[in-house]
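Naming follows writing order (A, B, C and D), and every chain is counted from residue 1.
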Amino acid sequence: MNKVVNSVEEAIQGIKDNMTLMVGGFGLCGIPENSIKALAKTNIKGLCCISNNAGVDDFGLGLLLKNRQIRKMISSYVGENAEFERQLLNGELEVELIPQGTLAERVRAGGAGIPAFFVPAGYGTEVANGKEFREFDGKMYLMETALHADFSIVKAWKGDTHGNLIYRHTANNFNEVMATAGKITIAEVEELVPAGELDPNCIHTPGIFVQRIFQGKAYEKRIEQRTITHNS
Amino acid sequence: MNKVVNSVEEAIQGIKDNMTLMVGGFGLCGIPENSIKALAKTNIKGLCCISNNAGVDDFGLGLLLKNRQIRKMISSYVGENAEFERQLLNGELEVELIPQGTLAERVRAGGAGIPAFFVPAGYGTEVANGKEFREFDGKMYLMETALHADFSIVKAWKGDTHGNLIYRHTANNFNEVMATAGKITIAEVEELVPAGELDPNCIHTPGIFVQRIFQGKAYEKRIEQRTITHNS
Amino acid sequence: MALDKNQIAKRIAQEIKDGYYVNLGIGIPTLVANYIPSDINVILQSENGMLGIGPFPADDKVDADLINAGKQTITYVDGASFFDSSRSFAMIRGGHVDLTILGAFEVSEQGDIASWKVPGKLVKGMGGAMDLVSSAKNIIVAMQHTNKGQSKILKECTLPLTGVRCVKKIVTDIAVLEVTADGFKLLERAPGVSVEEIINSTEGKLIVEGEIPEMKI
Amino acid sequence: MALDKNQIAKRIAQEIKDGYYVNLGIGIPTLVANYIPSDINVILQSENGMLGIGPFPADDKVDADLINAGKQTITYVDGASFFDSSRSFAMIRGGHVDLTILGAFEVSEQGDIASWKVPGKLVKGMGGAMDLVSSAKNIIVAMQHTNKGQSKILKECTLPLTGVRCVKKIVTDIAVLEVTADGFKLLERAPGVSVEEIINSTEGKLIVEGEIPEMKI
């Protein structure tokens, strides 16, 4: 049940033009740095990326945006990226904005074999345009559908050779749920250990969801808002 | 944020006749033994119990059945209980059978604010009777609705004073998901520790879902099918 | 000669491929674990919330917190993981389990399966069977071909259904059948069992093409 | 005199009760954490996946894996827990968070809120705001009462909505308002700000009953 691949290049094999990718991370926290950089070195283009955010100009998905490799972003918030704004205003990039919780639940539904479900988020707003709505117990809900991806690319703290993953702190975010919804899920980890070393009661992503795993290199883990307490 | 109650009697305060309870466990594995025994000592009756199984004659929910405290069971499998069968055949007990995965997902939906969702389980069977069905991507699905409870009673391995819970092995089963769907969730644990002692990356049930917690006593942990390997 | 339960399990084990995640139902399917070749890697899922079922424990290693969906005490292997029931069925419903093996009372030509309820008998419940059959990518049924002389391989099921158009393959005590758009295709026969005997034991449409090999048990 | 941002945050902190789980939005709401009385127990939820936000870290304790929903580096307190985004919003959508505090561009008499999009300006997205406002049991909005002399407390919102009929209370730089079935009820005024000034700054229906006390900051 060994899912280990020898390199990031091997990990991203099979990703092709116009495919849909899910990419884990919240802001720059918990993003699959190695895989994104490797994709930026390829000529793959026309990608549809499902990711909560779109990186910054020179890091994260911003690298793929700069290369014009992304055709469409499906996200909840895409600020903090000047190149993104430029492409959007010029009509070079398509953007679909989805409420963050609905995005997370649509991804979960994709992994969980649930084609559609109802949520209150967005009712009465432009998010509801064209969507089926319905009342349950006196409250209005929108019907939302599952999201799937050709590849999901996630980043974990620790992983084992079977593909079991453990995330650290808020670097989990969209990684755990996206790992469930890719036809092929690629996991890059800071530390790769033999199966049996991780506590089976503490696994966030069971290996069944992961097809390829490798230990990433030289994590930069860039910080967007470095806020500190000044001790007096 | 201290959720600790001093006794099991205090924990079950407020449970009244005809209420709906969710009770964690799969078979006799991971059941809230202390709380069930305490309920069996009360005169509370007419309960609707949502629980995957119904215990055995002299243990688990079987104790409440024997006392005629349960009016209705909502379960996926109710074998292995002679008193249960007797009451069912005599029309003294109402039973609603739900596919196990649909049961788990309906409970999750209750905790997650999702009033309804679609699953394939049961389509084309008597489970579909009276239910809305619908095609997505060429496959048929049933619409299922959320389940809620007045009280959820769960059993965990370790817990802290904030109500954070960790389950052990397959004793998790329905406990984690049911903890999210009770108006009041009672957790009994084998070991109760101060907040801060459990690894925040390994919490199965964040304390926000738990209103009362106590350390249970004298866990019997009865085994239904003791199967062993005979070494030669 | 008709196969016994262990032989049915042994034949089904041949369907399991390296790298498979497999859910084994209660009864004969549970026995399949004993016959998985040691040179392939297979991970067994249990719908009560685990991946990586190991053998039954030694007497002094029995752990009440570690059971399979049949409520038997078990062990876990390296690389195992535990999770709750909603996650477990998300895994099943989402099509992440490669193969599901379960028992049945009846199977129809269309691949419908009846396995949970016999009118007049006490109903114990469907457990996870309806979830499994409605979602699995690949379902193999382990069953007896007949019951008291009556075929259980039918044009239409007579008992309440567990799921519709889901069974792909059936291994019975006398035959291996594939469910096709045209009917049950006979793939193999039990050693010493004639094609005629299988034809006579099958109510549903049976497709017999060419020489039918004996199972290799 | 109109309150500054910290004073608005300070006033809102008075709404937080012992035992509350609270989600603080970006901007003024984040500042509320600084004014929660030390004698009550409150747990802060961050929708990117944690319960138990602590203060900003010391310079040498900054951890890139530990941020809030505003992407600021933070710490965690004893009893904290981390989880993924789907679990985080299950918590929010399921009504488990007692109080949500967020900013807004406009609020209407009906409790509608506009907070994410200004036509003509670049749209960055709604983030988790639509999920929060549609699900929270109790929502308090922190905002400026007017913008360049124009009231933002309106009969109907003019900007694209974030949610409908959800806001319960508003704390602005000049007033505390409750959203009622009959309109905005004036509860308190900023120190030195007259009722007339609030009336003049409010486009929506304002209910003024009896003596309006000054906020205690």
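As a convention for this text, a residue touches a chain if its C-beta (ideal position, glycine included) is under 8 Å from a C-beta of that chain, and two chains touch if they have at least 3 such contacts.
If you're wondering where the values come from, they're calculated on a predicted model, not measured in any experiment.
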Greatest separation from chain D - chain, by CA centre: C
Of B-D and A-D, pair with higher C-beta contact tally: A-D
Whole-Å distance, chain A centre to chain D centre, using C-alpha means? 28
When centres are defined as mean Cα positions, the distance from chain A to chain C in whole Å is 36
Using mean C-alpha positions as chain centres, tell me how far chain A is from chain B in Å, no decimals. 33
Can you tell me which residues of chain B touch two or more of the remaining chains? 105, 108, 112-114, 119-120, 167-169, 200-201
Shared interface positions of chain C, touching two or more other chains: 50, 76, 82-83, 89-90, 92-93, 135
Take each protein chain as a node, join two nodes whenever their chains touch, and name the resulting shape: line, ring, star, complete or other. other
A full list of chain pairs that touch reads A-B, A-C, A-D, B-C, B-D
What residues on chain B touch chain D, complex-wise? 1-2, 108, 110-114, 160-162, 164, 180-181, 194-196, 200-201, 203, 206-209
Quick check on the complex: what are the chain D residues that touch chain B? 19, 21, 41-43, 45, 50-52, 76, 78-83, 87, 89-97, 135
Which residues of chain C touch chain B once you look at their complex with the stated criterion? 46-50, 55-59, 62-74, 76, 82-86, 88-90, 92-93, 112, 122-132, 134-135, 160-165
Residues of chain A touching chain D in the complex: 26-30, 52, 75-79, 85, 88-89, 97, 99-105, 107-108, 119-127, 157, 167-177, 204, 221-229, 231
Mind pulling up the chain B residues that touch chain A in the complex? 105, 109, 112-120, 134, 136-137, 139, 141, 145, 166-169, 199-202
